[in-house]
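You will see two complexes here that share chain A, one where it goes with chain B and one where it goes with chain C.
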Partner chain A sequence: MTTSTLRRTGDGGDLAVAPGPRPRPRRRGDGRAAAAFLAPSVITFSLFVLIPALGVILLSFFDWNLLSDGTFIGAENFLRLVGDARLWSVYGSTVFMAVAILLVNVVVGLLLAVLLEVRMPRWVRGVFRLSFLFPFVVSSSAVALIWRFLLNKDLGLVNYWLGLVGIDRIDWLGSSVFAPISVIIVSSWKTIGFSILIYIAGLQAIPNELKEAAIMDGANAWTRFFRITLPLLSPTVFFLIVINTINSFQLFAEPRVLTQGGPGDSSRTIVQYIYDQAFGNFDLGYASAIGITLMVVLIALTAIQFRLSRRWTFYG
Partner chain B sequence: MYRRSRSLAAVGAATALTAAALVGCSSSPDSSTDGDSLEVVYWNYGPAAEAGNQATADAFTAANPDVDVTLTPVAGENWGTYYANVATLIAGGKKPDLMLISGEGAQFVHSNDLVLPINDYLDEDPEAEALIDDIAPGLVDGFTVDGDIVTLTNAWNDMVVYYNTDAFAAAGVEPPSADWTWDDFKSTAEQLTADTDGDGTSDRYGFTWASNEIFPGIMPWVANAGGNLTSDDVCEATVDTTEVTEAVTFLKTLIDEGTAPAPMPMSDVFTRFQNGQIAMFGAGRWPIGTFVPAGFTAFDVQLYPSGETYKTVFGGSGYPILKSSANPDLAWEYQKFTVSDEIEQQYVGTPDAPGDSIPSRRSIAATISEVGVPPQNSDLYYASIDDHETLVPYPAPAKYSEFESTVLRFLQLIFAGETPVADGLADLQTELETIVTC
Partner chain C sequence: MIETALPRYSRRRRRAASPFASIVSFAILVVAALAIAAPFVWIFRGALSGSDAELYRLPPTLFIENLTLANFGKVTEQVPYIQFIANSLIVATTVTAAQLITCSTAGYAFARLRFRGKDAMFAVVIGSLMIPIQVTIVPLFLVMSKLGLTNTLWSLILPGIFSAFGVFLLRQHFMSLPYELEEAAKIDGAGHARTFFQVILPLSGPSLATLGILCFTYWWNDLLLPLVMISDTEKQTLPVGLVLLAGRFSTGSLGTIAAGITLAIIPVLVVFIAAQRYVVQSIASSGLKL
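Our next item is the complex of A and B:
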């Protein structure tokens, strides 16, 4: 049995077949060993992901308030989705905030990671890296609590500082325009460290010889970035787009603590809405039906991203 | 074909598991609770809740050495989420004997057929009569649903105005008296609002209220305007009435005129009040459990100002016996024990470590000022329910959590100036019509 590795060639994007390493012949007992290694993951995945996910699908056909007997109601919960104006409004807010957070993480994260790679004293680089990464390891609720204090319209420090440069007080948490922006700022501030970390790993994996060769050929910094760094970083960018899309659509703690989803539903996310339906309204069936829509949306978005990624990711 | 049947089997297995969970969630007369043991579920809102419940359980065990009491703390950011988490616990198969509830939860536990009413116990237990006589009638009414008394009230809170005495002194304003009116209040709040650092913007505001709760938020104002958020039978929303509109407009005016900052959650209010950025706010007795241990005692309390009327807005707590209890008689003894002298004294506290609620028994509450627990006006806590008309019933429909979140969602829009008061309340009324029903 032979294997081969598909690789994208440099310019035209044509696929070429490169020979792979010769595999070791399969031995007796390999299957059992593989099963033993896989078992913890399979069991954990089944217990905590697969079975609950199937349970959610089942629950979506029930009317159940946690305390009474569940009643099978067929597709009624799904029919409710169509007429639920709040749901679509919340989806709108979610998409707006998710896209913005995704863009900040992917674009600004890349910019900051590249800046961190320029020559500077090691301790300065360490301080910057720590500063960016620190919010990521702090609890989301704690971060949101502190920002809620800072962003208060009349007594917050942010408006105080803005006032020093002549900017009027902004209702960061109470206005339908600024509440989602506040969530975007806080959530991006919290998560961008992760993107920077992944970008730095990707940047450090790019062979120095390529950059040195480009310098020898007279390529300037822009050319080197767009012709060498970015293409070789494309798998990292793709990974971050997928991860950040999923994470952004699952945003919960920041809007819940910062704005309670308001004013109205302007900064409410779909996961908050699911939570409200399940544990505020005790409507587990309907919450499950909404959860399924989110699952479908995320699967569809991820599939589209994988499909489109073939056109622009470069596995060197 | 093989793969397809495997998949179907997997779905079937999951279906069976979930169906079993669904069946398991229904109430059952069986219980795993042992006859000489009790399981008590309580809201773990912080160390005070843990310590208080542990002390009660320890004292009960000391008095009844054969009984084993298990405490199950349940988290929750407010009463609504606590009830949701308890419901999840019960759905998961737990069958506690007693659970801590507030007045807001009385309709919820009653309508879900979770509790054993205590009417019979009260009729048959001679000790109970003496206890009930020492508890203000309003506190009993607050836990009565359709004639069923859900629980004895062990502690309660009324909504009063906290004022920062340092801020009053700095502004040269006299402390308020119990007979103040909305106009007096507004004038006082205006005098307290100040730009203390001279940067051209206010950094001390006269008043604010919690944006994340109804009771310490708009309810005292609605009650004193002569209104309520629901009808007397709590079967119909009444938020678009003249009285509610008047109360909400009054609060909105405070924001518009700059005497109140943009509303914020209660925890933020506490901090702003202690550091002097807020001169007055409304709450129950619970803030002193935070203020005094932190060394902050520059505050006192006063009744809310009168509008068209004055009505004390209050809420209690108790430990109802759940129908899942294997030993309701023992559970009754525990409930009764929660209003015993020994336990009620915990709510009084000491000058350094005050309790965070008012004892339900009048004779015990009277000792608060005797032992020197701040604030100075502590006597008005119990007097507010004994000497003044109360808001009964207070608006706590069976779907309380949904009700509260809906009210707060619309109030956010109104107080942010994104919708006029009348329009916002009309929209709120429309939405509440499907939530507040019987």
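Our next item is the complex of A and C:
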């Protein structure tokens, strides 16, 4: 795509088609400069990302309780994983909640972002954007505490409003059916602003000329959305699917503060389970083995998403 | 010249939609915005109410009968709340400052310099997005305890200094800046350091602000790391402090908890309102694509 010509025509939004690094001769001293520029990152990456990542692999082969020295036990932790019924049920809840949060973010986020394109005064748009994004920057524990009150079975506002339209009191936090749903609602409520923001950016990157041309050709709003907006937005959708998958599988604070993972394990997430095993049971080896399963799941999911994305994403 | 080369944020013409569609769209937006804003309004209102009975009254009224600031005082009586706020501020600002340095320099190297192993290194950076801190929290704890840093704020600051997302975000932005700028700087005799500090960085305000705001709010709000690393109450950060506060009161004194939540929200509200206009602008211009 001729990004350089497109760049001049639009209003700047289409710059999202970032021009690739243009080939240019390697400058003298590039290597040394790169070393200097990368040094802070390389050092902190090694110490706090790479070593812990290797450490988690190493630890998973040990029985280690923090107090005594660890003993090497081979694959025992991994064999234990297979027979751990709790782990499977926690994975079930995690996947359920993560997928739901992902869908709300990607689908409802798109809807709201598209609606924000409707003509309105600048400041009104600003107010909407501000209110949508705001929960994203508020701490999960504050958000979860607020909702703990709102979702209270007897005194909470949510049940009060539902009562007005004739719906019986729901035990949002205390029933194994509704506890994960509560986590989904609260977490989506908190994170959707980020998805909307990324969508707004993606929508701005779509050249207006295309839409205008389609209007000239008599395309209605639906056709324009499905034939122009959505295909051109597909890289943004893909970005959000990947980022939201990774984030949703890391859910920790909301369920911990909202429901403590309960009742039973109905709203417990895998990160909570890792935390419980490591710092509740002091079973560091086993916690590491669980951590590795999460890492494998995330890498596999991302790889699959990248693979599938070739079929449906459209990079100009 | 610089002006025209830079992305300008949305001055686009908006086409008129049919009045019916506009009204429906607008109504949906208003409902969504209310659903997001109402819980905050309710909690701010709770922080200013004198009695819990008033808070639990259904339906809630916007008007507060016993307007008071007493709840804010009570917060600090029960837990060292000022200390929590100070700790969170230290952690969030230090991490943000450090991250802006590491991510912008690394982003510049990946976007603008040619060196051996660049693609492989960048792949490692992107790959590390998939190894979240939650997975490596156990060895991270052991690293910190070997360094003797557990139960200090360092154990919360150091793990935040590198950010794969930050490197990615700034690299995307730097790649969108025209090469002509750099060539001009080079002809003027500037080396990489000067080009970076005097040409590239001054043009990157919105992107730096975006990374700054995302980073600040993340580390201001993180619950897991302080829960794992910090054992002394007075060294805790706000998210843990809030949970402690809520625990001390159980269900009884909602007003105090509401005041605590409000105090936790105000700093991010300020940072956010100050910087939010840059956020959309920079994400729009840097083109976040995988």
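Simple rule for what comes next: the second predicted complex is superposed on the first by the 294 of 316 C-alpha atoms of A that agree within 3 Å, B and C clash if a C-alpha of one lies under 4 Å from a C-alpha of the other, contacts with A are read in each partner's own complex, and residues count from 1 in each chain.
The definition used in the following text is that a contact is a pair of C-beta atoms (placed from the backbone, for glycine too) under 8 Å apart; a residue touches a chain by one contact, two chains touch by 3 or more.
Since this is a predicted model, take the numbers as computed values, not measurements.
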Overlay on chain A: chain C relative to chain B, clash or fit: clash
Which of chain B and chain C A:Phe128 touches, first, second, both or neither: second
Contacts of A:Ser288 with chain B and chain C, given as first, second, both or neither: second
Partner chain in contact with A:Met216 - chain B first, chain C second, else both or neither: neither
Which of chain B and chain C A:Leu155 touches, first, second, both or neither: both
Touched partner set for A:Leu116, first chain B, second chain C, both or neither: second
Which superposed partner A:Ser175 touches (first chain B, second chain C, both, neither): first
When both partners are placed on the shared chain, which of chain B and chain C touches more of chain A: C
Chain B versus chain C as contact partner of A:Ser140, first or second or both or neither: second
Partner chain in contact with A:Asp69 - chain B first, chain C second, else both or neither: first
A:Val165 touches, of chain B and chain C: first, second, both or neither? neither
Chain B region in steric overlap with chain C, selected from 9-17, 171-179 or 261-269: 261-269
Contacts on chain A seen with chain B and repeated with chain C across the two complexes: 51, 54-55, 58-59, 145, 148-149, 155, 278-279
In the complex with chain A, residue positions of chain B that touch it: 10-11, 13-15, 17-19, 21-23, 25-27, 80-81, 84-85, 87-88, 90-91, 112, 114, 199, 201-203, 205, 211-212, 261-265, 267-268, 271-272, 277, 399, 401-402, 405, 408-410, 412-413, 415-416, 418
Complex contact set, residues of chain A against chain C: 11-13, 15-22, 24, 26-27, 29-31, 33-38, 40-41, 44-45, 47-49, 51-56, 58-59, 111-112, 115-120, 126-142, 145-150, 155, 157, 160, 189, 193, 197-198, 200-201, 204-205, 208, 211-212, 215, 221, 235-236, 238-239, 242, 246, 250, 252-253, 256-257, 271, 274-275, 278-279, 284, 287-288, 291-292, 294-295, 298-299, 302, 306, 315
Residues of chain A that touch chain B when the two form their complex: 50-51, 54-55, 58-59, 62, 64-70, 145, 148-149, 152-155, 163, 169, 171, 173-176, 260-265, 276, 278-282
Interface residues, chain C side, partner chain A - complex: 6-17, 21-22, 25-26, 28-29, 32-33, 35-37, 39-40, 42-43, 56, 58-60, 101-103, 105-106, 108-109, 111-116, 118, 121, 125, 127-132, 134-143, 158-159, 161-162, 164, 167, 172, 175-176, 179, 186, 191-193, 196, 213, 217, 220-221, 223-224, 227-228, 238-240, 242-243, 246, 254, 257, 261, 264-265, 268-269, 271-273, 276-277, 279-280, 283-290
